[in-house]
């Protein structure tokens, strides 16, 4: 990685060349980077952007860090991702699509690709595969969770990479941040929330708006899913609603698949 | 102790006088819960009308005005290969707390023991504690309150003035000259015999409303004996390890520290955030060794710290019986039930 | 000030004692004066408190620790491994284990770090005067014991037998090898063992307990009357060692161990190091074995 | 006469999503002029099938990161129409405010970060940070304002959290709204300077007659719901949107195409402006006149200017909305929802043109069938025809391949296409 000429505590600070790449996604996570109005200049001093199709013309195959957004849904995407992997020293999965498949993976639940294609495109020939997160295809070095990602978190990751500090994520769930922000608990309002099992780091974005968490950041370390289900049921929240949230962004697929199977056993 | 009685409209006047020159914090309504009952929180208040002095219980305790959830402990100015550490206790003006219940006052008193004690008193806390004038107010016990069991139902110190509603007037106990000077700003009267009667009546009526009890007899010993009891596992199965109990607890003070560098690389911060012993990495050390890897062990630790260790050190428990943790716990883990379950395994 | 105005009360910042609020975030700035690689994982950092009067005033006991801070990177506890006679010239032996320690392995001489301390309890060396001492270390546990060894060297005449039993996983993991001859020259018995020998290893193989057994066998039956033991290493190790010593009748109050827990403040506030409700940072890290036995979930 | 030309732009940059341009001219004959969309489809319509109504806005908001607010609002409107819910005036105002700010942030992003580099001869906005810092700072300032309002009203600038079927989960603080009012008023200066900057740009002189489709303004410049209109005189109800779009599949694209009275039609700022010029705020109309922009303008490059005009309009209108919100007493943020069987359409003018969401529900409120028609999808055919025309016209004027390539890219960029969105 390029030396920026700067030092931090005497240790040289690198100015990595970074590229932003996108696969099947809404490109919102990249947009969050452009949404950096107030900090964009400092951000650009830390990294050298060599590839960012959404914002610039010109591309380069020489980069240290690849921020990759989106999930993998077509064979050509596999090839492109592998090429990116082979060039990047660090590959960062940016956002829920890249980390878990995101909302795109909801189509996997049908386990019937021809039907899915037929529904949208009629008989036309359209290529599509089962939706996969990046780590299903290549080695991913870092994940930045969220739908969308929080720019503060991306900035922190980039700062840490530049100065060579390790990156750590909260292991605890969203409730911690929610309480610290003094939000009214959604369950007090009679709503559902996945905050107790979802990895924190978003600052309890949704509960802060009195909207329940949908688990876009995936599970916290060792989530108590059994109790989560139990407490939702005790409060009259339907299994379907729990399932809706668990499966929405793909982070909980292990649990949502099990729940779906359980439910279809109950009412086939 | 000095006593005065204050007509209700005079209290409003006092509030307005104080609010004109100070930051005043007090209970306010923030919304309604699913059953239509109001929800309360402490917040800055500018108008007396916004204050809900007859509040039931705030979800979040008063602690955050003394121990903020997040607070910078130090800011470093990074210069070329050198740095300068600046410590600010993050309190630059006095604050008046208008309407704190006895449990919250007692919680501060208990926190004082650790945070303002002999060894390494904590200046961040002291700065806020010393510069907050506390006007206490009596409460109507809720079904889940068990402060009486924890000897925290009345506050004997740790406030400047305490108000009891005796109908038309407030009965005021005055503990500090600050409060005494406040009262010189408004009309007050010496309590008459009738006021004493009314006060005692109010206190008796309040006492009758305590329904939940926790038996603390020999609790220290029992906890030691039941260290390996299976009931902990049962509670542990329910626990979400979400930290809510600690966050809503007026006496939980554990914290974690995070070091960050800003994007410009010119400022670094050491930030403290209130933590919870129920969180998975509370006792995790480098190399991923976790001294308390299981939920029930962490949950148990919270009880041991509060009801055993603290008692050993300070002769009272680190729980004031406000019932908040049980009320907020989504898994329904309440102190009275946990302690009863531990006792009954005898 | 008008009537009814509340006066601001600044926090008393005078005095530097443990009881002054300002002692809480008091950091000494120190400069790293040398870095010495001990193994692939551990470095020895020598640092000096910059301000001369602060440096002079810095005194500690073997077994005590400091919080080492790198602004923006982190802060963590480390046992002081140098001789207590050296005051504000501090040596820390640090293993790469996480965020702070990895960054530390990249800094160079001249780097300025923050030091808070000394903190915690030390080994009661004076109490041991006139006795034999057994120092038993496993792995990185040698770091705090090195301060005891220095103490014993500096006060050699005050102790009878001084023996070190030191075990490492592999021969390449031994710390401070360059000092062994020097220790021996001061009539300190050094008994080292490895779990996994390599081709070049000629010494004993096995756990520290094996060697300890031999030493104890060579001592008379009244060894427990004039011996103190200092044990430092992974929890499993000191559990075995201490129970072995107990079996040989060494009183639990004469065995000292150093406990490791997560720490953020080192000053009895963050609760992270609590065992039961004992703050390891205040009441420890050095405890006698009896106290440890009475701490729930200590080992 | 340009005899041979070969332009191949595989991944068109500074647009949202993946699209490719190809132009081949051999012996003076345009052999190929094509606009290909190679984005991977994500099958949102299938994904929704069987899902409860509550999921629709959350999921479909993720069709597009740039206009997630627009998608969310269209989705909500479709659900509300299906369940026969009429939003309160307060909800309507807050939604429109949110919509305006999305329009502002998206237009500013497009004008400054995506389009302007072409006119200034730069590959991206990054070099401009050094060469024209005040220009970049101005753009950032306007975008920040728009985003801040979105955070405040919608809970989040991207994938809003507070917007739900029935209203909002939470209301902004009036104090904050009045602070934004000040900032919006102050933004006039930035808008004026933006207009001045754009007057210095040379907008290619190019026109091809086409049809423009948008919502029909009835009393106001339209953004959320209402009748549909085309510049060729077609008018329909919102729920008859299929009659407006007539989607069809083509082989060169994973996005569907659309047509109405002619082979293609256009949607977007220029279409809105062409169809609703009379409803523009006077200050916005004034900026339009600065560029001699008046209906019906057939120069697609002028879509940039139409966006600029709309920026002025939404800023002015946002102040009006805030004023009426500040005057009113806050009501409950959200209405109760009772699902029922039925079909609902939500048409919303998002930055790139008219967007339709249509859902059919069963009586328990589960989606039976979903359909989303994206503005860029509707523009694809028009872009294709423009490119063909461009190739045939400019090929004859002795330009280099590079010039043609740039013009073609600028043409496509003028539509501000949102490709991943169109292949949802």
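When the chains are written out, they are named A, B, C and D in that same order, and each has its own residue count from 1.
Methods note: a residue touches a chain if its C-beta (ideal position, glycine included) is under 8 Å from a C-beta of that chain, and two chains touch if they have at least 3 such contacts.
Since the model is a prediction, treat every value here as computed from it, not as a measurement.
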{"item": "If a chain touches subunit A and subunit C alike, it appears here", "value": "B"}
{"item": "A-B or B-C - the one linked by more C-beta pairs in contact", "value": "B-C"}
{"item": "Rounded Å distance, subunit A centre to subunit B centre (Cα mean)", "value": "37"}
{"item": "Computed distance of Cα centres, subunit D from subunit C, in Å", "value": "66"}
{"item": "Distance from the mean Cα position of subunit D to that of subunit A, given in whole angstrom", "value": "26"}
{"item": "Residue numbers of subunit C (touch at least two other chains)", "value": "70-73, 98, 110-112"}
{"item": "Residues of subunit A whose C-beta touches two or more other chains", "value": "8-10, 163, 165"}
{"item": "Touching chain combinations (by label order)", "value": "A-B, A-C, A-D, B-C"}
{"item": "In the complex, subunit C residues that touch subunit A", "value": "70-73, 98-99, 102-103, 106-108, 110-112"}
{"item": "Partner subunit B, residues of subunit A touching it in the complex", "value": "6-10, 13, 39, 42-43, 45-46, 155-156, 158-160, 162-163, 165, 171-173, 175-176, 179-182, 184-185, 187-190, 195-197, 220-224, 226-228, 230-231"}
{"item": "Residue ranges of subunit A in contact with subunit D within the complex", "value": "22-32, 34-35, 37-38, 40-41, 44, 49, 52-59, 73-74, 77, 102-104, 106-107, 110, 115-117, 119-122, 124, 126, 128, 147-148, 205-206, 208-211, 214, 240-241, 244, 248"}
{"item": "Subunit C to subunit B touching residues, read off their complex", "value": "2-11, 18-25, 27, 29, 69-76, 97-98, 101, 110-112, 114, 260-262, 264-265, 267-272, 274, 276-278, 282, 296-297"}
{"item": "In the complex, subunit A residues that touch subunit C", "value": "8-11, 163-166, 168"}
